[in-house]
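Chain naming follows the written order as A, B, C and D, and within any one chain the residues start at number 1.
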Amino acid sequence: MDLAYTAEEAAFRDEVRDFVTANLPADIARKVLEHRRLEKSDYARWQDILAKQGWLAGHWPVEHGGCGWTPVQNHIFDEETAAAGAPRLIPFGLNMVAPVIMAYGSPWQKEHYLSRIRTNHDWWCQGYSEPGSGSDLASLKTRAVRDGDHYLVNGQKTWTTLAQYADMIFCLVRTDTTVKKQEGISFLLIDMHSPGITVRPIVTLDEEHEVNEVFFEDVKVPVANLVGEEGKGWTYAKYLLGHERTGIAGVGASKRELDTLKHIAKIQRKNGRPLGDDPGFAARMAQVEIDLLALEMTVMRVLASRGKAPGPEASILKIKGTEIQQALTELMMEALGPYALPFRPEAMTLDTEDELVGPDYAAPLAARYFNYRKVTIYGGSNEIQRNIIAQMVLGL
Amino acid sequence: MDLAYTAEEAAFRDEVRDFVTANLPADIARKVLEHRRLEKSDYARWQDILAKQGWLAGHWPVEHGGCGWTPVQNHIFDEETAAAGAPRLIPFGLNMVAPVIMAYGSPWQKEHYLSRIRTNHDWWCQGYSEPGSGSDLASLKTRAVRDGDHYLVNGQKTWTTLAQYADMIFCLVRTDTTVKKQEGISFLLIDMHSPGITVRPIVTLDEEHEVNEVFFEDVKVPVANLVGEEGKGWTYAKYLLGHERTGIAGVGASKRELDTLKHIAKIQRKNGRPLGDDPGFAARMAQVEIDLLALEMTVMRVLASRGKAPGPEASILKIKGTEIQQALTELMMEALGPYALPFRPEAMTLDTEDELVGPDYAAPLAARYFNYRKVTIYGGSNEIQRNIIAQMVLGL
Amino acid sequence: MDFSFSEEQQLLRESLARYVEREYTFEKRRAIQRSAEGFSHEVWSAFAEMGLLGLTTPEEYGGYGGSAVDTLVVSQVLGSGLVVEPYLASVVLGTGLVARAGSTAQKESLLPAAARGELLLTLAHAEPDSRYELAEVATSARRQGNQFVLQGHKAVVPWGAQADRLIVSARTAGGPRDAQGISLFVIERGMKGVGARDYRTIDGQRAAEVKLDDVLVGADAVLGPLDGALPLLEAIADVGAAALCAEAVGVMETLNAQTLEYIKTRQQFGQPIGRFQVLQHRAVDMFIHLEQSKSIALLAAVRADSADAAERRRAVSAAKAHLGRSGRAVTQMAIQLHGGMGVTDELPASHYAKRLTMIDFHLGDADFHVERFVADARG
Amino acid sequence: MDFSFSEEQQLLRESLARYVEREYTFEKRRAIQRSAEGFSHEVWSAFAEMGLLGLTTPEEYGGYGGSAVDTLVVSQVLGSGLVVEPYLASVVLGTGLVARAGSTAQKESLLPAAARGELLLTLAHAEPDSRYELAEVATSARRQGNQFVLQGHKAVVPWGAQADRLIVSARTAGGPRDAQGISLFVIERGMKGVGARDYRTIDGQRAAEVKLDDVLVGADAVLGPLDGALPLLEAIADVGAAALCAEAVGVMETLNAQTLEYIKTRQQFGQPIGRFQVLQHRAVDMFIHLEQSKSIALLAAVRADSADAAERRRAVSAAKAHLGRSGRAVTQMAIQLHGGMGVTDELPASHYAKRLTMIDFHLGDADFHVERFVADARG
């Protein structure tokens, strides 16, 4: 039992920190730390910087062009970049489709797509959910019909995050309607620039545009873009979901947000004293901090015990991670008092400053609280995660 | 909209208060207020006093020998007696079997049993639950087979509160095994002194004896003791459950316990100051007080809107009432600090005082916290109550 | 004890509910919010015609002399329909203050016009660092001969840029947190030195930062007792808080109904999601919150007019704290039960959710009111 | 970073777990509890033989010089088996204090005997009004020549009537809540003026009120620095709290397993009640609490021995606060899922529930530790 980082890990942390200090653009960091809107170019700029360093896919195996970081190194990387205010890495290519391609993709897919992901060439998005299939993913209806050397895809995906920027989408599609629903699903890689694809924004309750509907009308997809075997899409999807859930604990980002919360609580006043000195508010902050401390240890335990592909226990990380994220947004909003009320989308960029309307950190926080209600819904709602644990871990 | 009591109600309150002040034995009140054990004789003495005054069944209709109190009067009576430290009235006769007999009993049953309940002659208990049928009450197995002018009863009931004192038990029994499970149930009134009945104590986790198993071995029950029709027991049981749930909000008793909690918090020290001055503890107490204030209003609204037999909405009263009761026991235990630990059953009587071991109110409180976990389980667990609301009120 | 509403109250509720249902569609609300002023003069006039705007105005000034229970009836319907118009600011707070403490001249000049919908009032009280503390006033009103010079910054003033008259609190004596020394002034929005920075609020309304820069007003602008306005502010804030509780109940009632409807219709795994026990129990918890909230909001409304300040404060703080917490809990469950749809702008429920959440931030949040409840009980 | 236990630790855990499973049946535990002393000398001797009682004793005094992580390993198994024997009092706290601060003479006279199971130690520190504050000591130790006269009342002393030696805190200087002026004394239970009122605790152990009435001790009874024992008390209390957290994890693990087993077998409505989604999610919440508790208890154990007091306090307070709350939550769910059976004396689960709940009341409850966590961070 030794909870200290090894000398190598400590050195790696220093290396990452130094790199981030030297290379993370200040304007991007400020946007992240102040909860402002990130443009496509912000993500792209930072991912290009990492790609140049060879770190965009640092956690990938060396054979696929990664650095073969250990899970602990990857955690350190997450933590350091998050702390400094780096944007999250868009996971759809790096952490979602890439593991599937590595495990089940054709040589060409590996050669072609993995290198383009690693070099930040393609922006990927995820085509899973449909209007009628949210939690019940296997009921999806988007059809892909084989027609010579390509498929014709028709249907609709929804809740597609940042599809408006995407070059590629990985999709679960139905290739066979005559078998059990899980068995008729295939996994396709589709060029978002293909004729027949329309992206329509979904505006969220904070009036932001982050998710989309994606419509497919007779979209031609080469058969070479089928991953693995036809009808095995469900297997690949489950494989992917396991990978998705580790990162979702979001410990690094939550630690940063906790610091921000403490900073805000120092500035906000209650009866002429810092809000952070209020025993009730301080206790609530401390309880989130304690939960987060426990979660961080739980993440490390999972990483230590399993290496890469976490089992259903990883659902815990999703549940606790998102609960903590929400608790932090809630406390930040509460901290503002009446200044939680102003809603000024123009303050989501760095250009428009207006010190008249409350402290400069205030404007995005209530909107962010509402936006973050999504985190217990997406990626398999927390109810679905609990069902998974009940069945797969507890045998209920 | 007028939330003031009428002049008549205010006068009634004064009358009850004066009577209780003059007639409630001080030793009994002390036991109640200090959470000590009540003996059979304590209950009996107080109920005799009320019976003599004609108030034991004050809320019964005049035609059955009651005073015909309105629901509001009954609430006032509850509140005043509870505040003064009167024991709760044992409900099994007064509030549970009596309404069933009034509604469905034979003239003889009404004449005979109602008068004996009203005069505190018979102590009743309830024969519903069985080892295999808790929440799933309708699956009960105790059999009653018709044999001439009597039934022969065989089987077992459990969780029978204070059966060790009881003269009578009302039982749900299976008289027909060939029909749908709800339709084969009948409602019998059984003399606890009958040959073939054995009562076996169940010791609870606080080492108290409050509940029992009751075994029936060829117990002869006259057919005259069948309530209503054979096979209609389920209907009567549901009728009864509706009645049980109004009182279970326990607002009067919870108000008294809240006062006790505040008293304790004034005496207990934290860092040399009264615990009640601690912002965190004070806020938790206040939140229970606010919940209770809301619940009292909800009870009054239910009473005002429906008069007597509450509908499924009354499940709210059970849920919130018991949650508040538990919150109060929890805060009391917490208030004690390390003095929650001593477990001294001998302190449950008034005789053995020992001021050395913590403040005099301390000894029963942790045991009481554990005992009170029962309140969200019995009388239809709170999960069952939520199922009822979901189905009957929300139509889910 | 009588929980029934009077015939007048029932009529009022029904006619308002009918109007809101027919005229105040969700699309119309959206258009109103996006308009320059953020509220609809047409709706406001309709409210005036229905007698809503003079509901609590004394009869001699063209109103109906109604009670806080009448306000509850109206506020609850406004909540159900998610009406954004400045009823709380102008009718409950503004008119309420003038009716309680105004001079005859002030009443004559303000009340009938406000009741007719021709004059919009608001209370400009909070300041950047005051949070919810009513006694915390740094804005100064310096005597200058027979006049006063106002200087300061009023924060998050509801409809501060739309109101015709602002009732501004300012310090005429004492230090920044003293109970004594606070006075109220009625000022015109267009006066020299009055600046209002208008913005939307996340719950669909408007507010403004109001800067007072050497604003010169006459002695006749003083509303109520000089130096002694705090009790008046406390009383009107409680009336306002009770109205907010009633509005919250209306919002919650609709939000619950929408959520119930959604889980009864949304199909997953071959059945409506409302068949899943976990979601059923969540819906039950929402229902219990609603019933308890109705109860405590009623108590607050009945006590809000009470001459006994302790009784009033106790009931209002209990209700506002309760609604703060139950509103938060219900909102979170409602969004979660709606799944992805719950976080879209397109769905009415998400707008109900925003209003229900943010009511906690008006006139004292749950923490504030729990603490006041505790402090008052300690005496 | 390495989460694995050493081979020795694994062996220790396995042999202790085997012993507890075979020998420490629930019925045997019940008999032990009902015995005059409330613990079993036979079990205690077995523990001595297994090396448990000298686990943290320095090697030169007949022990193994183990760490707080070793203590975690043992405590967790003791928790799983709901062992009542005075391990915490005598081995973790008593032996721990002597090993840290005792003179050579004290070590020689106490440690080997304690490690052999021949001498039972306890810490008599808390007082009737001190709640969980370690600096709050009113018991006095008045100098009388070369001796000290102890006077005071020590409250809820674990195994205070069974221990052979009590380590008593008393004030040799300063006022009742001063950090300076606290000293420790080793006294014999049978000394003149020492009275112990023995009683059971609700979590199945024993404690006593210890009255010190002019108890005369020599200067050689002083343990550790005169007037400066508070840091020592704080350090050992943290080691104890970390052990309690580990024990709580063991209790929780068994309680969860029992509950899971119950809902898988108990039939209602024609199926195991574990088929109901609401109960499933409750079981999942219990599982999540357990996993998070395991994590934080590990952190506390690793940091409990740390020379950096700030690091130690932070981890221990986090863990103890977490276990206090998660223990409470898990207990309540476990009892509820057991239905009526959950509140019976006959069921082992109810005894696990009592211990898990009451661990919060030993060495600082969740509120205490959250407040310490906050205060320390503020500095």
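In this section, contacts are C-beta pairs under 8 Å (C-beta built on N, C-alpha and C of every residue); 3 or more make two chains touch, one makes a residue touch a chain.
All values derive from a computational prediction rather than experimental measurement.
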item	value
Chain separated most widely from chain D, comparing mean CA positions	C
Pair with more cross-chain C-beta pairs in contact, given A-C and A-B	A-C
Distance from chain D to chain B - Cα centre to Cα centre, in angstrom	39
Mean-CA-position distance for chain B and chain A (Å)	53
Contacts with 2+ other chains: residues of chain A	279-280, 283, 383, 386
Residues of chain D touching at least two other chains	276-278, 281, 367
Interface residues, chain C side, partner chain B - complex	1-6, 9, 69, 260, 263-264, 274-275, 277, 280-281, 283-285, 287-288, 291-296, 298-299, 301-302, 315, 318, 321-322, 325, 367, 370-371, 373-374, 377-378
Complex interface listing, chain A residues touching chain C	129, 132-136, 139, 158-159, 202-205, 207, 211, 268-272, 280-281, 334, 337-344, 354, 356-358, 366-367, 369-371, 373-374, 376-378, 381-383, 386
Of chain C, residues touching chain D in the complex	276-278, 281
Chain B-facing residues of chain D, complex	126, 128-129, 131-133, 136, 155-156, 176-177, 197, 199-203, 207, 209, 211, 267-270, 273, 276, 278-279, 332, 335-336, 339-340, 342-346, 350-351, 353-354, 357-358, 361-362, 365, 367
Chain B residues touching chain A - in the complex, by the definition given at the top	279-280, 283
